[in-house]
Every structure is written in structure tokens, then in C-alpha cells.
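Just below sit the structures, each encoded as C-alpha cells.
Both of the next two complexes hold chain A, though its partner changes from chain B to chain C.
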Partner chain A sequence: MSNVARQEDPASVERIEHDEFDPVGTLALIAFYFAVLVLLWLFTYFVEFLGNVPTPVVVA
Partner chain B sequence: MRIHQYERVWLLASMVLIVGFIATITYGAVGLGITMVDDRGATIAPDEINEDERFGDPRVEQVGDDEYEVYAVAMTFAFQPDPIEIPADSEVTFYVTSRDVIHSFYVVGTNTNTMVIPGEISVVTVEFDEPGEYGLICTEYCGAAHHEMEGQLAVLEDEEFDLTELEVEAPDEVEPDGEIEITATVTNGQLEAIEETVTVELGDETLEESVTVEGDESESVTLTVDAADLGEGDHDWTASAGDLTESGTVSVVEGSEDDTEGGDDA
Partner chain C sequence: MPNGATFADAYPTQARHIRAAFWASFLSLGVGAFFGLIQALHRTDILRVIESQTYYTVLTAHGVFLVISFTIFFLVGVFQWAVTDSLERPPVDMRFTWGWYGLMSLGASLTAFAILAGFTDSIDVRANVLFTFYAPLQAHPLFYVGLVVFVVGTWLAGADWFRSWLAWKGDNPGERIPLPTFMVLTTMIMWYISSIGVAVAILAFILPWSLELTGSLNPTLTRTLFWYFGHPVVYFWLLPAYLLWYILLPKLAGGRLFSDPLARVVFILFVLLSTPVGIHHQYLDPGISEGFKFIAMTNTMFLLLPSLLTAFTIIASMEHGARQRGGEGYFNWLTALPWRDPAFTGMALAGMVFAFGGFTGIVNAGMNINYLVHNTLWVPGHIHTQVGTAAALTFMAGAYWLVPQLTGNRLVGRGLALVQVVLWFVGIVFMTNSMYRGGLVGIPRRTAEPQYEGFEYEVAAGSVGELNAQLAIGGTILFVSAMLFLALMVLTAFNGGTEPIDDGSIPPALSGPEDSPAVLDNLKLWVAIAAVLVVIAYSFPLASIVSRGGLFGPDIGPIPVAIDAASTVARTALEAVSAVVR
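== the complex of A and B ==
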């Protein structure tokens, strides 16, 4: 139950500033998810939805 | 509050995504004029459908240049009319209502899709650019034979599409000394006048006449033949207008009792 870090040798614990934390891998993964999301949306709306013509329209 | 730089990027990106979603849908609605089916159609009592001017006779009607209206009825387990024939490249508004339970009107493979609720009239306006055959199905579970509820929607080339009907009035039986009158009536359901060649044939007699039928009007052509010229027995007749054909048989018999369906005024 105790904190793992506390059990470690204090010498091996590195303290860094808030902004020094730099999880590039996580950022890359999120960027990839984001790109997938955008592509899925474009596909769903512009290909799957708009491609199934005709679509009901408002008549002037 | 200290927010990590990456988290700022992520928050901003999510905002952009939301704005992007709204922007695409706004583009669809404003730029392309896409609409959802709403309650702009009036209401109608399901048990008064048969008396209704539109739904009493489910049909396709021309209401303007390249503008058509379809009055369709869904019921367990069919659509009326079936098949529905409409022209391509025209603005077609479907008015659909139900006689009984909730159905739907889904033109398979398109976004032309609406629920059909008893009491409500669903209104959907679409334009098919290409001719083709479409299936029509019900996507709301409506009963034991729901899976069999289907119809046909035929989108025809503009030149092939017409709302022309041919109706023939002919007697079944005529006395040998009587006259046989066969009347072919061509009805033009469209707004523009049409030219049709009407042909009525009975025995050796042929009547061919070109008629001009004004929009929303009908014209009749009558062939009169003396029964004595044909002699006793059965005689086949044919009437045609354009690609429409009707045929039947008239019997010349002594002492026929029923001189039905006109032609008995000789």
C-alpha cells in the first residue's frame, strides 16, 4: 500500500519542474488518435453521409 | 493554475475539433440545404386516410415544372403506391403517413429515410440525379411480417416518365343487331400537353387517331362497329396509346341479358 518511490533509494529519485515533464510518446499517441478522429469524421460526413444521395433538402 | 504545455495543446485541439464538427454540420445545413424530417407536415387521423384528397388515392402528382409530389401510405405490411415511379432530375416531395402502426420509409442506400407515424404526415423533399431502381423498406419493427414489408421506387429518365393513363370502356355482350362501342380514354396527369396516337382495333376494324391531351385533362376516342358485321361469337379488341395497351373480348350473342358498361344505347 505504501508509495513505491518511498521505498527506493533517495539517490535514484529525480525531481523535475512541472514544465520539464516531457512525455513525447504520450503526445505522439494523442496526436495520432486526434488524426484518426479527424479522418473518421471526414469519412463519416463527407463520404458516408453526403455520398448517399439524395439527401432531404429544404425547399425554398 | 499551472497547466502543462501539452495539456494546453490537447485542450485547444479538442476545441478545434468541436468547432470543426459544428462547422461541417452548419455547412451541410446552410450550404447544401440538408434538413431533418420534422413536424412541418400536418396531422391526419389514420381512420380518415381513405377520405383524404391526397392519401385516399396514393399517387404521384405533378405540381410544377420539374416538381412532383408523392402521396404514399404505409401499412402492415406494404407501401402504396407500389411501385412508385418518379422522374430523375426533378424535385420530388414525398408525403407519407401510416394507416396503423409506426413504420418507416427508407429508400435503401440513400439518406431518404423517415419514420412514418400514424396521425403524422412525414414530408421529405429530394432530387434524384440519376435514374435507377431502389428498394423501399420499413425499418421500424411493425409486426410479424415486418421483414417482408418492402416496395419499389423507380427513378425514370425524364423522357421515359409520364403520368399517362389509358382506360377503356367496352361492352361484354352485345345483341347481333346492336352496335359495339369501344371508348378509349387517355388521361394526362402531367401539366404539359401530350400528343398520343390512340389505336382501337376490333375484328377487321381499326381506328387510329392522334389526340392532343392538355395537362390534367383526358381525351376519348370511340370506335363503333355493327355487331352484325362481326357475326356471332367472341371478338377480341385491343386499344393502345403510346406504350399502354388494354385488351378484352366482346361476345355477340342472341338474347344477352346484361348490356353492361355502356355501349348499349343502340
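== the complex of A and C ==
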């Protein structure tokens, strides 16, 4: 953006550049999210399919 | 922009223009939120201050004021800020800039009048057609004229930003487009491609029909054209939120954007994939073959890609901030984030709700399970987590940072602002939890009185009473939160003689544009590919719809006329019966 000058966060304790940054926390959080997604899918399957009887076959 | 100067100092005229857009947006938020409260209390039968017939006027107003006026006025303000700030230049001609703002305001006022006139019988104007205005529901022509004028205003806004960029390009040959401007331009390309659909639907079919120039139309055709626009419009609401997440959130977290190239890829993917998916809103529509619906579903699943890329980039940027602030561990770094900052917390909570809403979107997008939730309360649940929180809460949180920059005033009530964003989160959790679960047991949407005689919904855990209570409590909390937000904005606007806490600078990305191939900035190429995809996805379905039903349809009359006739017949019959009984 307009201001390339770094505005340091007052709470910043260190400056981490691109090559020093290893986003393992991001990996952990996204892995957690995928686990939640899988559980939600299992829940959906339970609610919508296992929780209901099959659609009745109506013979005219 | 000189160091330490706010946007209002550097560009006073532009700041005034953006403030005007924000006020139009906030006014719409206030009115729309009020109608939301009425609905939440009405359909749960807790407080009914209106007749159930009037519910549809309220519902139309809630939809149009919030998803058209609130969101789009806010986003044009954000886009104007992003373009001006990142190109470091004002618009080429400020009169043109005020011109499109004027058109948008005029259009919004006409449509608002057409809707609100529905509350009184003394004016013969109505537009109880909901925000999707499906024909043969018919509104007063003013409703459609207003929408057209509003959309033309947004087109000119886009032209204004392209003009600024071209002027900048002339002065800076060979330079990469600054990321915020890149995001604005790509979003506008998507908007141009997609809003053609609704423009054709209104100008060629619905408006002439409402003016009685044509006697009939083909509802499947106008619905399909609406959804050609109706899915990309959700990205029109969402991409400004993405812009704030990519540009502002890393800085608020105390870090830097993880990757500028990934951000560009995400926005290009939205240009390519937003439009050829609209038919996934029509899985239950007759007259469109399953094959076309299947193609739309496949395209839709590809759309998850840019959102997952975004999840990665944004979380990594936040983590960078947390690590710079001394955060450690796999999860403990989360505690090092600035949770006391309402702008940060609001956006982070919005992102969290979006991640959950994304899952429900996958449910909507899947053809088989869509059948189970289609037209149920699940769908309003989805839209309230997405545009109602991912976009709306991000906008409110963004306003806590942007409005001080645009006014030069310090935000009033920082602590209260934190309470406000948390209240919104709590309200939305209550309300959408009720909506999703209600949808799963088949409670319908768009209904004033969802209870039926002699029929009980089988709620697996809990009860309908409990779901209703959650919906009403959630809706009320959301209303209180919206009012609190508006109060803080008004107080901040009048908080003269102060200065914002933040100096308004944005740190550069960890991995900058120099790390990405220049082809990403070749906008013409992406427009061409997007156009080809749209032609592939839509030419056959549209041809098939027209060849079956005709361009102007099999003699479809407008619905309000039929309702009037039916109610007259019903009234006459009732009077006759009561006369006989007496």
C-alpha cells in the first residue's frame, strides 16, 4: 500500500521475516478444522440418512 | 500518504465521499436490522406487531436494505479507499465519482420507496416480491427502475476505478498493480460479467412486463438469469470482506500478509468461477435438466478452492502477527493475538463463522442433500452466517478501523465496540443454530406462520419451542448489536479534536508481488477465460429454457392481480355465507 514504512506493532517483541516464519500453528488449526468438517459430515449422514427411514415406495 | 497522516488528512475530498457512502450503508443497516427484529419475533409468534400479509413487505425490505443497500454502499466506500490509498492518487475527476454515488443513491431511494409504500394503502405502489423478485410475483415498475439505476451506478463506480488505474499505469509503466487495487479491479470484472444477467432479466423481460408493454414472460428464464447474477452477487458482498482480511487483518494482528501472490490467485479464481455456478440455486427448479445442474455442482465444488486458500493465507498472516508478538506453540499463539481490539476480534470472529458457514454451503451445493434443505430455514441460516456475519461483521469491524481514518477522529467506546462484535457473534450463533436445526426438520423459510394445525415437527434433540426461543433471542441480540454499532459510529463522527490511535499505514506482504508471475496481472486474459466458462455453462441451459418455454413464456400473468381477484372472490363468498348464517 501507500506506506511501505513499517509500522511496528507496539506489542511486537521481535521481527520475523519470510524465511524464518514456519506457520505450524496454521497447519495445526487447519488440521483441526478438517477434523471438525469430517465430524460434521458424519453427523449430516446420521441426521439425514441413518436417522430417517427409507422413502416409501408408492405403487399406484 | 505522509507518515502519521490519516486518509482524511491526505485526501479530504475523497474521505468525504467515502463517508457519504458509509452513511448510506449504515442508514440501510439500521432500517434493515429493525425489519429483521420484527421478522424474528413474528415468525416465532412471540410478538406480532404486523399482519401476517405484511410480513412479505417486511421480508422484502429486510433483504433489499441489507444485502443490496447496506453491503454495496459499504463496499464501494471500501473500494474507493483501497484504490485511492494504494494508487496514492485521487480519482481522475471527482465530479464523476460523486455522479455514480448520486446514481446509486437515487436508485436505492426509488427502490426503497417502492418497498416501503407497501406499508400504506394510501399510495398505490407495492413491491412485496422479496429480494429475489421471482416472476410471476410482480412489483411496481419503480422497484425495478430503482434497481437498474443503482446497478448502473455501481458499473460507473467500477469504470471510475479502472480509469484511476489506467491513469496510474501511464505514470508507472511496467509496475505490478498494487494488491488492494488488483482486488478491486478483479471484483469489478466479476461484477460486470455477472450483473449482465440481472440487467437482461429486468430490462428485457420483467420491467416491460410490469409496465404492461409485454403481456407475459418465461419465469424459468428470468429465474435463471437472476441466479446467473444471484450467486456472484454473494461474492460481491464477500470479496470486500476478503479485501479487509487480506489487507487489514494481518496488520491488526501485528504481522504482515503471508503471500501477495496467493491473494492474487484467489481473486482470479473468483473471476473465473463465480458465475458459471448459479444453477446450483435451482436444483429444485423444473425445466432445467439434471445434467446442467450436475455441471453447476461440479463448478461450485471448485469454488471451495479459493476459500480454502484464503483460510490458509489469512490464518498464516495472523500467526505471523502472533509470533512477532511473542506467541508460541501449536495453539498457544492464538492467545498472543490482540483480542481486545474490536476491529481484529470482529474480523476474526467473522472468519470463524464463515468457516462453519462454508460447511453448510457445501451441503447446499451438493445436489442430493440440497433436496433435503431446499426452501427450509436452513437456507436463511446459511445466508446469515455468510453475508450476515462473514461480510456484515467484517464490515462493522473494519469500520472501527476505517472510520477513524476517514474522519480523523478517535473511535469512541473501544470497549463497547468489543462488546458489540462479541454480541453479534453470540446473536448469530443462537439464531443460525436455530435456523439450521429447524431447516433439518423441515421448517420452511419465507413464511410468516410456520406452524401448522395437526402437524408436529420431529426435532431430534430439543423442541420447536426451544428453536423459536433461540431464534428470537438471537435476532434480538443482533438488533441490539447493530444499534450499538450505529451509535458508536455516530459518536465517532462527532468526536472532533481527537486523533485515531493508528497511523493508517499497511505493512508490505512477507512474500510480495515480485514473487508471482506477471501473468496474474493480465486482466484481459482472465476476462476472456471467464467469458468462455460462462458461455460453456450457460448457453445450453438458456437455449433449452427458451426453446421449451419461449422467450416470453406460455402466457404467464402477474401474481398480485391473481391474489387480488382471489381475495375479492373469497371476501364476497364469506360475506354471502355470513349473510346466510345471520
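Everything that follows uses one rule, which is that the second predicted complex is superposed on the first by the 30 of 60 C-alpha atoms of A that agree within 3 Å, B and C clash if a C-alpha of one lies under 4 Å from a C-alpha of the other, contacts with A are read in each partner's own complex, and residues count from 1 in each chain.
Quick note on the criterion: a residue touches a chain if its C-beta (ideal position, glycine included) is under 8 Å from a C-beta of that chain, and two chains touch if they have at least 3 such contacts.
These numbers were taken from a predicted model, which means no experiment stands behind them.
J.: Pick one for A:V38: touches chain B only (first), chain C only (second), both, or neither.
T.: first
J.: Between chain B and chain C, whom does A:R15 touch in the aligned arrangement: first, second, both, or neither?
T.: second
J.: Between chain B (first) and chain C (second), which does A:I30 come into contact with in this model arrangement: first, second, both, or neither?
T.: Both chain B and chain C are touched by A:I30.
J.: A:V47 contacts which: chain B (first), chain C (second), both, neither?
T.: After superposition on chain A, A:V47 lies in contact with chain C alone.
J.: In the superposed arrangement, which partner chain does A:V59 touch: chain B (first), chain C (second), both, or neither?
T.: It touches chain B, and chain C stays clear.
J.: Which of the two, chain B or chain C, is in touch with more residues of chain A?
T.: Answer, by number of touched residues of chain A: C.
J.: Just to be sure I follow: which residues of chain A are touched by chain B in one complex and then by chain C in the other one?
T.: 18, 21, 23, 26, 30, 37
J.: Under the touch definition given earlier, write down the residues of chain A that touch chain B in their complex.
T.: Those in contact with chain B are residues 18-19, 21, 23, 26-27, 30, 34, 37-38, 41, 45-46, 49-50, 52-59.
J.: Residue numbers of chain A touching chain C in their complex, please.
T.: 1-7, 9, 11-18, 21, 23-26, 28-30, 33, 37, 40, 44, 47-48, 51
J.: Spell out the part of chain C that touches chain A in their complex, as residue ranges.
T.: Per the touch definition, chain C meets chain A at residues 1, 3, 85-86, 88, 178-180, 247, 251, 254-255, 258, 311-312, 315-316, 319-327, 329-331, 333-334, 338, 355, 359, 363, 369, 372, 440, 460, 502-508, 510-511.
J.: Please give the residue numbers of chain B that touch chain A in the complex, ascending.
T.: The contact residues of chain B facing chain A are 2, 4-6, 9-10, 13, 17, 20-21, 24-25, 28, 32-37, 91, 93, 109-112, 114, 124-129.
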